[in-house]
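Shared between the two complexes below is chain A, which pairs with chain B and chain C, respectively.
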Partner chain A sequence: MGYLYLEEKDFAAFVDALIAAKRVVGPTAKRNKFVYEQLASADELRLDFDVTILPPKKVFFPPAQDIVRFGEQAIEGCIAPVDTVLLGVHFYDVKGIDMTDYLFRERKEDWNYLAQREATTVVASNIQAISPRAFWDSVGAEVKPKGHDAFLTKLAGGCVLETLTPKGEALAAFGAFRDATADEINAAQQTNDSVMGQCSEKLGYTSEAIAAKVRDSFDNEELWDELAMDCFSCGSCNTVCPTCYCFDVKDAWNLNQVSGSRTRYWDACLTREFAAVTMAGGDKENFRERHQSRFRHRFMRKTAYLNEKLGGPACTGCGRCSQACTVNIADPVRVITAIMEVGS
Partner chain B sequence: MAKPKIAFFDFASCEGCQIEFTNFGDAATLELLNHVEIVEFREAMTETTTGRIDIALIEGSFTREADRVRLQQIRHRAKYVIAYGACACTGGINALKNHQDDFAEYVYGGDARMPHLRSGTAQPISAAIKVDYEVKGCPMSKDELLLVISNLLHGTEHVIPTYPVCVECKRRETICRYDEGDHCMGQVARAGCGAPCPADGIPCEACRGFVDDANLPALEKVLMERAGFSQKRAVGKSRMFTANLRS
Partner chain C sequence: MSDDLRAAHENIFLPREARILHTARPTASEKHFTLQMADGEPLDYVPGQILEVGVMGYGEIPIGLASSPTRKGSFDIVVRTVGRVSTAINSKEVGDSLWVRGPLGHGFDLDSLKGQDVLIVAGGIGLCPTRSLIQYILDRRDEFGRFLLFYGARDPLQLLFTEDRVEWRASKEIDYHETVDRADVTWTGNVGVITTLFHKTTHLDPNTRVVICGPPVMFEFVIKELDQLGIARENIFVDLERRMKCGVGKCGHCQINDKYCCIDGPVFTFAAIQELEEAI
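Right, the complex of A and B next:
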């Protein structure tokens, strides 16, 4: 584990060598936005991205994932991990991956997620552009990014690769790396320090204070009614969230009516029927029938309920929910600030 | 066990949903025919039937009293009735006329008084008879229709999505129409289509109808604040597929 350096002129060759050997997924341009996609060549890689539409969790936990395929006699699982390098993950998404790693491991290990997770080398990268809705520098400071294998920092003229695991060290074989000098290591450190404090949105409270106040506000119906008034229950805030991990499972038959598949889909607790359950006798009970209760539930989950497990809030400050909400009410900075200001 | 008999019937519509069914192609249709027997299908075969059927697939809107009698006869003969396509499920495009009175002159000019053009309010099939399942969309989703039929063949319950189109756009990482300075009704439109229109740069028109509890005041607000619509345009925003669902 250490610090390596790669000249800028050698970077494309490094990425292309990786692509020749493994599946490489990285941020790519989609018109004026960015998405994680499998790279066909180094020039598709856009490490100057600000944020991607969906977080990188989709590499391990795709929006739709077959769990089993069944035939007349046999049922087979669909776990088929592919040796993958996930190249270019901002630190806030490293935190998100570390949280879903924990959540898919707790109680019962979910190998539909973990198999691909273990087959993936995660390479973090420094933030070169800041999304206008981001607030990653003022949320969950106590949660440190971990679980990644290497950290790539672009400097003028080249980049520093900090290797953190054997999987990260193995990357060195694909490029013309040399050991980084102390000056280069310092420059990388400064580059990463310098983005902190640059986000235009800010949370002005500690995670503990937020968790306590949000919990205390649970019964303040008037507050939640006001905050959620324009909510569509569209689930966009959930669907783009790096720490949401709920899914629904559906079966479908193939045309032959004999074989078929069981597939899991990302679910969203803001949508109307998320909490609807069928009871004995076939009656349905929806224990979060009103959209205000669903809106409140999301904030309880993101600011309070999971904090003990995760060591801090289940929010990384990526700002994707703020961006995705067409009516602009999902923004955690806006909502949490409004809650914190009640009675003060 | 004999193969279930399926018949297609059409009312006020373009019959495009029947065409959409034929888009399954030969291989898939022949595979399906191992499991069902199609006994009436105006767009694809000559034979018709007056006998009992297991599954009646009904396309188009209910627009005339004479339709009611024919629909009741179909209901009487069929074990299950599936309304398919926007016209059959919500009234669809036909319902646009429900809020106007000069449409016949506007469309047909001097021929507006031809007797076969006389029709009443365009309503969904469920306004005339009990409908067991609906396959929404314009055109209907043929994969969803297949899923409904599969569930009937297997005796399992069919569940349709109750969430809006936004979920499906996000899952496939479509750039939001609002982020491109456009408008969209995906926040209130019922999903299940896979959100193909926004992916092609076209705003969702809610051809599958609305989700339950659709927040229409918020939609009007977003259309004004994000898409720059006037209040009049926001309130009247495209009733193309939702005329029967709005005030």
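Right, the complex of A and C next:
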């Protein structure tokens, strides 16, 4: 594990060599936005992205994933990991991946996620452009980005690759790397430090203070009514969130009506029927019937419920939910600040 | 990943085949199945635990085990026809198979029941998951103190487990009382909500352990009675229902505040859930 350096002129060849050997997924431009997609060539890679529409969780936890396939007689699992390099992940999304790693591993290991996760080399990259709604420099400072295999920092004239695991070290074989000099390592450090404090949105409270106050506000109906006003339960704030991982499971038949699959789909706790069940009595019971309760549940999850397990809040400050919410109410900075200001 | 490694990791969503040995239709909408794992493996469970039960191509639903692990060789479930999956399950007959995952979840804490008086209050289909505990206690009768069972249904046609009830009524091992909300011409028993049964028996010791399972509306009234009897809420166990999709603490559907019904429950102490605003 150490620091390597690659000249700018050799960078495309490195990425192309990776693409020739493995599936490489990275940020690419899509109209005026960025998305993670499998790369066909190095020039598709856009490490100058500010944020992607969907977080990289989709590499390990696809929006639709078969978990069981069945035929007339037999059934089988379909865990089929593909050797993948996920190239270009900002530190806040590295945190998000580390959180879903934990959550899919805890208590009962879910290898439908973990197998692809283990087959993936995660290469973090420095932030070259800042999304207007991001606040990753003022949330969950106690949660350190970890679990990635390498960290790539672009400098003038080249880039520094910090290798953190054997998977990360193995990348060196694909490009004309040399050891980085102390100056280059320092420059990389400075580049990464320099973006901190640059986000335009800011959360001015510690994670503990937020967790305590948000929990305490659980019964403040008036507050939640106001905060969630206009929410139309679309669930977009869940869909784009790197730490949301709820899913629904549905069976479907193939055209032959003999075989088919059991598939999990991303689900969203903000949607109306998420917690609805048909009770023993036959009546429908919705345990979070009002949109305010669903909105509150999301904030409890992002600021308080999971903190003990994750070592801090389950919000990385990516700002995707703020951008995705058409009525502009999902923004954690707005909501948390309003809660913190109650009674003060 | 090599095939070996892949095989070494259990897919928590892969169900196992269970053969239907016997079926019964206790009511118009419920079907009682007696099952056996197709691979011959015994199902190792605790009363109160659940299974995800399904038919491939339709889906899975969470169902509480309705028989006791003390009765080996097979296990029972009772499924009410309410939706697509339960309809598919209830169309299956002897010789067909169901696909099950489990046992899942946290069942009854038998250690805290042993040596104690136990009262079970079951409403409607809530008798099914508690039947597991009822059988368990009857099979190990000397490990428990006084044993009472209150069972209430909407009307006589909804009453489940006729044979069991005949046995319980006759048995000295169990102080059994039943009621219906609405009688019909055939009914000669007690009429009224389940709490009326508290007056049909001799005084309950405040140390009694109580298990409640039934529709949420029932909880409040039963708890009121138990409060009057001085029964501590740590000693009251409730069996909750949620939309348990995955049963393994991942999908998020069963969350009650920061708890997961499917792994922290479905059995909780009332003391634990009264802290949770979303529980009942």
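Rule of thumb we're sticking to: the second predicted complex is superposed on the first by the 343 of 344 C-alpha atoms of A that agree within 3 Å, B and C clash if a C-alpha of one lies under 4 Å from a C-alpha of the other, contacts with A are read in each partner's own complex, and residues count from 1 in each chain.
The definition used in the following text is that a contact is a pair of C-beta atoms (placed from the backbone, for glycine too) under 8 Å apart; a residue touches a chain by one contact, two chains touch by 3 or more.
Predicted model only: the values in this text are computed from it and were never measured.
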Which of chain B and chain C A:Asn32 touches, first, second, both or neither: first
Touched partner set for A:Tyr305, first chain B, second chain C, both or neither: second
Touching partner for A:Ile67 - first (chain B), second (chain C), both, neither: second
Touched partner set for A:Ser236, first chain B, second chain C, both or neither: first
Touching partner for A:Phe295 - first (chain B), second (chain C), both, neither: neither
If touched residues of chain A are counted for chain B and for chain C, the larger one: C
First (chain B), second (chain C), both or neither touched by A:Phe49: neither
Partner chain(s) touched by A:Trp253 [first = chain B, second = chain C, both, neither]: both
First (chain B), second (chain C), both or neither touched by A:Trp266: first
Touching partner for A:Leu103 - first (chain B), second (chain C), both, neither: second
Chain B/chain C common contact set on chain A: 250-253
Complex contacts: residues of chain A adjacent to chain B: 30-33, 35, 53-54, 63-64, 229-236, 239-240, 250-253, 255-257, 265-266, 268, 271-273, 291, 323-324, 326-327
Chain A to chain C touching residues, read off their complex: 67-68, 70, 75-77, 79, 81, 103-104, 106-112, 114-115, 118-119, 218-219, 245-253, 260, 262, 264, 267, 269, 274-283, 285, 287-288, 293, 297, 300, 304-306
Chain B to chain A touching residues, read off their complex: 28, 31-32, 34-35, 146-147, 150, 153-154, 156, 159, 162-164, 166-167, 170-173, 175-176, 178-180, 184, 186-188, 211-215, 217-219, 221-222, 226
Touching residues on chain C, where the partner in the complex is chain A: 1, 6, 9-15, 29, 54, 56-60, 80, 82-83, 99, 124-126, 154, 214-216, 241-243, 245-246, 248-253, 255-258, 263, 277-278
